[in-house]
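So, here's a batch of structures to check.
Note that subunit A is present in both complexes that follow, paired respectively with subunit B and with subunit C.
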Partner chain A sequence: MRRISFGVALALAVLVAVGVAAAFAPWLVPDATAQDLMTGITGPGPGHPLGTDDLGRDVLQLLVAGARTAVPGALAVAAGSMLIGNLAGLAAGYHGGWVDALAMRWADLMFSLPALLVAIVVAGVLGGGYGLAIAVLVVLFAPGDTRVVRGAVLEQRHRPYVEAALLKNLSSWRIMTRHIWPNIAPVSLASAFLNFAYALVSLSSLSFLGLGVPAGSPDWGRTLADNRTQLLANPWAVIAPGLAVIATAAALNVVGDWLHERVERRGRAH
Partner chain B sequence: MNGWARFALRRLAGTAAVVLLLSIGVFGLLYLAPGSVQQTLLGTRPATPATIAAIQARYHLNDPVAVQYLRWLGGVLRGDLGTSIRTGAAVSGMLGERLPLTLALTGYGTLLAALAGIPLGVLGALRRGRATDRLVVTAGVVGLSAPPFAVGLLLLVVFALGLGWFPVYGTGEGLADQVWHLTLPAAALAVGAVGLLVRFTRAALVRELEQDYVVFARARGLRAPLVLRYALRNSLVPVLTAAGLIVTGTLAGTVLVEVTFALPGLGSLLVDSVTFKDVPVVQALALLLTLLVAAVNLLVDVGYSLVDPRVRLGGAA
Partner chain C sequence: MIRVDGLTVRQPATGRTLLSGVSFEAGPGESVAIVGESGSGKSLTVRALLGLLPSGLEAGGEVHVAGRRVDDDPRALRRMRGGTVSLLMQDPFTLLNPLRRAGRQIADGLPRGADAAAEVPRLLAEVGLPADVAGRYPFQLSGGMRQRVGLAAALAAAPRVLVADEPTTALDATTQREVLALIRRVQRERDMTFLLITHDLRLAFSMCERVIVMYAGRVMEMAGAAELRREQRHPYTRALLAAEPPADRRLAVIPSVPGSVPAHDAVAGGCGFADRCAYATPECRAGVPELRAEPGSGRLSACVRAAGLPAAPPPPPGVTAPARPAAEPVLTVRDLRKTYPGGARPALGGVGLTVAPGEIVAVVGESGSGKTTLARCVTGLERPDSGSITLGGLDCSDYAAMDRRAVRLARRTAQMIFQDPYSTLNPARTVGATLKEALAADGRPQDVGALLELVGLDPALARLRPANLSGGQRQRVAIARAVAGEPALLVCDEPVSALDVSVQAQILTLLAGLRERLSMGMLFITHDLAVVRQLADRLYVLRAGECVESGAVDAVLDAPAHPYTRELLASVPDGTGGWPH
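Showing the complex of A and B:
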């Protein structure tokens, strides 16, 4: 068991907490969205450790319920772009030639676009909301994974084990999936963590702008937007979801970087 | 110079092709919007025969789509970006009105990012592995992860409401007052770029300080500041690659910061127009954005090849 640094341990703890909140929110905070208009917006007090928002909803409960809104969408983006990136990257790196050229030109084009802005424009004009925003982000994130996987495949391509598999006359699909892929999976996973972080930030940004989740959903970005005019009445309604987004994204980035370093160190040890 | 000119020309042609390709996508936004094109262009105006006829005449909706696209592109090239559905004003005028604020905000933000990010990255590299370095790296990761709207609101809570150092909203009058009003928004915008710059600067300088020439210069007894100057000059080359990422990040950040601080710039115009489905304004902004991003990528590529000749020698890719 290798020792891990304090920072990584803290990041993992944050991710576990967010994961638990996301998985069990319906049982932990069954009536997070229950409004109490008579109470309205109040500061921290008995019964409401972080106070209430302008609809009288408990800020702490909204925070926990917000994890359930934030995580699945971002996870879908990371998983979707990982899938596309792996397929395209394997094909480009293994076959080379025009497949490679085409995939790389496509990646160059997509990579130069600001993903969040494209999502704002497309999701906004089409009015497709959350699902469409996720689809747009998958298309724009996949090129990054494609490049990473392609690079890793090129490194493996001429290793003796691949040549041995070729001599055994195995199909390219089998060589790619059964022989090469297990060796590049860690690289791809590290990249997926970074995408996860970026997707979380992008989706909460869209919700903040009113282009993501529907109104009234317990979402961190949405809660921030709804309460930003009430800073004086209860600043915690803004501080808490703001810190939640920053902490979760930072934790994902720290774990992603840590995985990346581990993969690189192992690669050098070979 | 001939080789370099050919390299620059090839890049220019590539960029032009990409912009042309993306302009088709931008034009297509009109057709992507739900409902008929005519309905989109009418907006909330009543669909009387007169207004419909006016729309038909203005946009030539009965022509084939390709012809419509070419007409639109021709108009854009002559500076005619159409009229806003929401306000009925010329789009080019609306953009012109709001451009100065966005330019000031992004310029100020980039300046703050460079002033904070590069020295912090250098500090981290020089104190590599020590507590200072770990602090710098952590701050960089947090900055990189933090969305500008959350940072902006936290800055508002602390520095405007809590300490009362800065105004909460507004753009201010007169230069000094405007700078004062724009400081918190610019800081919120800069945080992500600081994270990127810290990471790139630190990594590049760490790599450079491990080079043989640095070891040799130190062994010869060269003064530390002089050695650092040599290493720094070489390490700023890879930092240039961060410029493209910083610009795209800043463009997206501007939208969020302008909405957060209720500033009337191009970013808040984009959100308003998208929400209202004011497609001509969205198209104009998307096109402007495409041009900006393409120009920056071109400049970074060409600038990189000027600084590092190896890029263009092996520059078939």
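Showing the complex of A and C:
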């Protein structure tokens, strides 16, 4: 086992903590949304390490509960765009011709649209909602994956091992999935990690604008939005969810890079 | 001029030693060749000498250049490089900066204050190039011209030592001969000390006065080129020389060395070659044999039995190729034409040939001759513009127009093996998975073990991925994949040109054996006439998409009719001081 650097260890620890929070929030903090209007907003103190918001909810508990809405949404966006991107990218890179042209023009079109603005417009017209926000982000993120995968496929397409598979009369689907895909998976995975981080920020932004989760829900973006008027009464109610978004996104990037490097090195091992 | 004393190269991160105990000298004006296969440490030796080791590697020992110790002084090293010592790199296609004109890249090497406008044309003339090359970009120059520009740039600083690392390996045979002749002429005229790194022992004999043979990170033998050519005092040198097949006669058996080059550390306790050596005794494995001088001569050998080695057997006599009965051809190609989009001239300008069952037909030519295009058209990887291809009675002129059944039949009739052993196998899949799939595709029982044994590999290798195999092992797996369904025709595209000589002979022997066992016809694409002489029954010589000569191998190579065939034959190193002329 190769030693890992401090930065990677720290990033892994952040992700594990966020993952545990997302998975077990209902058991860890069952009363996160319980209001205590008598207490109201307070700064950090005994019993409330990060203080409370204006409804008297514990900010730390909200933060833990918020992971449960923030993380799965971002995960769904990353996984969804990875799936679409891989299918479209493999088809475009492998078959070329009109399939390639179609996929690339579609990608160009999507790239020319500002992602967050489109999400805001669509959510505004259709009435918003968490599921819709995720669906819109998947459609907007997939072209990026498609391009990355297509490029990687083009690099592999004319390697002798692919041509040997062709000469064995294997089906295109089998060559794409069993032969080419395992060799481009590291690239696709790195792209998915980046998307995960972007989606986390984008979903939080949408929630901040009131277009994601409903008001009052424990979500990092939402909590940040709800409490921004209370910045002076308890700054932590605003800073903590913001930090959670930044720290998770940064940790995802670090871990993504690290995984990519490891996979690459394994491929080159002698 | 150069003195290397007890050179060691280590990788501190893993604790591995890659090279140890390398000592040699090269006097002023002397030419010395360092010869070895991949993994022998020949390139590491010169890189350590120049202070150019890849990061993560550390050199030990002493290096003196022009009487000064340089290994412990980075500033002396920097002054030495591009001043006293110049390096000529291997790959002419990457050694020049693609965005800068040739003249400026040569001028970069001139000493400060030199007049570039006068010096650059003079240097170009010295390497046999017209002065207007200075204004051209690398992409406007051929491989041979680029290597000449590289040489001019290396000569710009008027070095006293020229180091060349496989300077012509990437070039075509005829170009290689011209460039080597040029390097030797320039070296003699300027009276430079010359250090040549090569894998080719015969080339070393022709180019240099003294030869150092390396293996597994150690020096095995060191002697004058003429003496060493006459008699080798180390079994490895003998094996290396024997494994390089001659072009002038066919041998009954191609001598090959079993196994492959071990890592330096794997053989740290004894002689590195002992496991592959026919003369090995227990004494050979008891300790690392020292490089000892032979009494009465200047030569050194690291063989414990150097003095008592039996005399080298005389070179085996040539045999004539066995005659094959005429048979209905498995492959017939007629008037095949192909021009790539944007190509200035046709890659194939009407080529025809036949291959009979069990017959090995070689297609010989240099890069751009169309030989690879021909192979790819036959297997359907490329679509010819016109002409016909008949495979086992099936019209395969246009794979796109054939129905699925016909394509499957064609794929089972003709299979292909490729040049590069590193990309021929899918790095993500185990050997077992690759071969199982091949057997299933060809409708055969899935006996991977038997298939591995057929190509001389241990069935236990099935669990490994290509990254854990040597180049020779990978090429064997690729051959196993191709012959899984016992095809009637095997198309081989330069299958041994990327392999070490000792491994190359093993693969050629394997292919010759498979041809007999499976009575398989072969279309053998190569640039190497020595390989053709050993393996093929008939040959076609291709030049710029046209077939210039064809016939039985012995007939054509003994009495070539076309000047181009004669030129190709003359570019095979013969090991004498007269070559290259």
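Following the convention adopted for this analysis, the second predicted complex is superposed on the first by the 254 of 270 C-alpha atoms of A that agree within 3 Å, B and C clash if a C-alpha of one lies under 4 Å from a C-alpha of the other, contacts with A are read in each partner's own complex, and residues count from 1 in each chain.
FYI, contacts are C-beta pairs under 8 Å (C-beta built on N, C-alpha and C of every residue); 3 or more make two chains touch, one makes a residue touch a chain.
Predicted model, so just to flag it, every value in this text is computed and none were measured.
Taking the superposition on A as described, I'd like to know which of subunit B and subunit C A:Ala199 touches: first, second, both or neither.
neither
Determine, under the contact definition given at the top, whether A:Asn183 touches first (subunit B), second (subunit C), both, or neither.
second
In the overlaid three-chain picture, which partner chain does A:Leu231 touch, first (subunit B) or second (subunit C), both, or neither?
So A:Leu231 only meets subunit B here.
Based on the superposed arrangement, let me know which partner A:Lys168 touches: subunit B (first), subunit C (second), both, or neither?
The second partner, subunit C, only.
Check the residue A:Gly242 against both partner chains and state whether it touches subunit B (first), subunit C (second), both, or neither.
first
Comparing subunit B against subunit C, which has contacts with more of the residues in subunit A?
Counted on subunit A, the partner with more touching residues turns out to be B.
If we overlay the two complexes on their shared chain A, which of subunit B and subunit C does A:Arg159 touch? Say first, second, both or neither.
Once the two structures are laid over each other on A, A:Arg159 reaches subunit C alone.
With the two structures laid over each other on chain A, which partner does A:Pro114 touch: subunit B (first), subunit C (second), both, or neither?
First partner only.
For A:Leu209, decide between first (touching subunit B), second (touching subunit C), both and neither.
first
Of all residues in subunit C, which touch subunit A in the complex?
Going through subunit C, the ones touching subunit A are 379-381, 407-408, 411-412, 414-416, 418-420, 423-429, 437-438, 441-442, 467-468, 478, 481-482.
Please output the residues of subunit A touching subunit B within their complex, sorted ascending.
Contacts found on subunit A: 7, 109, 112-117, 120-122, 124-127, 197, 201, 204-205, 208-211, 221, 224-225, 228, 231-232, 235, 238-239, 241-243, 245-246, 249-250, 252-254, 257.
Show me the residue ranges of subunit B that touch subunit A in the complex, using the header's touch definition.
Where subunit B meets subunit A, its residues are 18, 21, 29, 32-34, 134, 138, 141-142, 144-147, 149-151, 153-154, 156-157, 161, 168, 244, 248-249, 251-252, 255-256, 259-260, 270-271, 274-275, 277, 279, 282, 285-286, 289, 293-294, 297.
Under the definition above, what is the set of subunit A residues touching subunit C in their complex?
Against subunit C, subunit A makes touches at 159-161, 163-170, 178-179, 182-183, 266-270.
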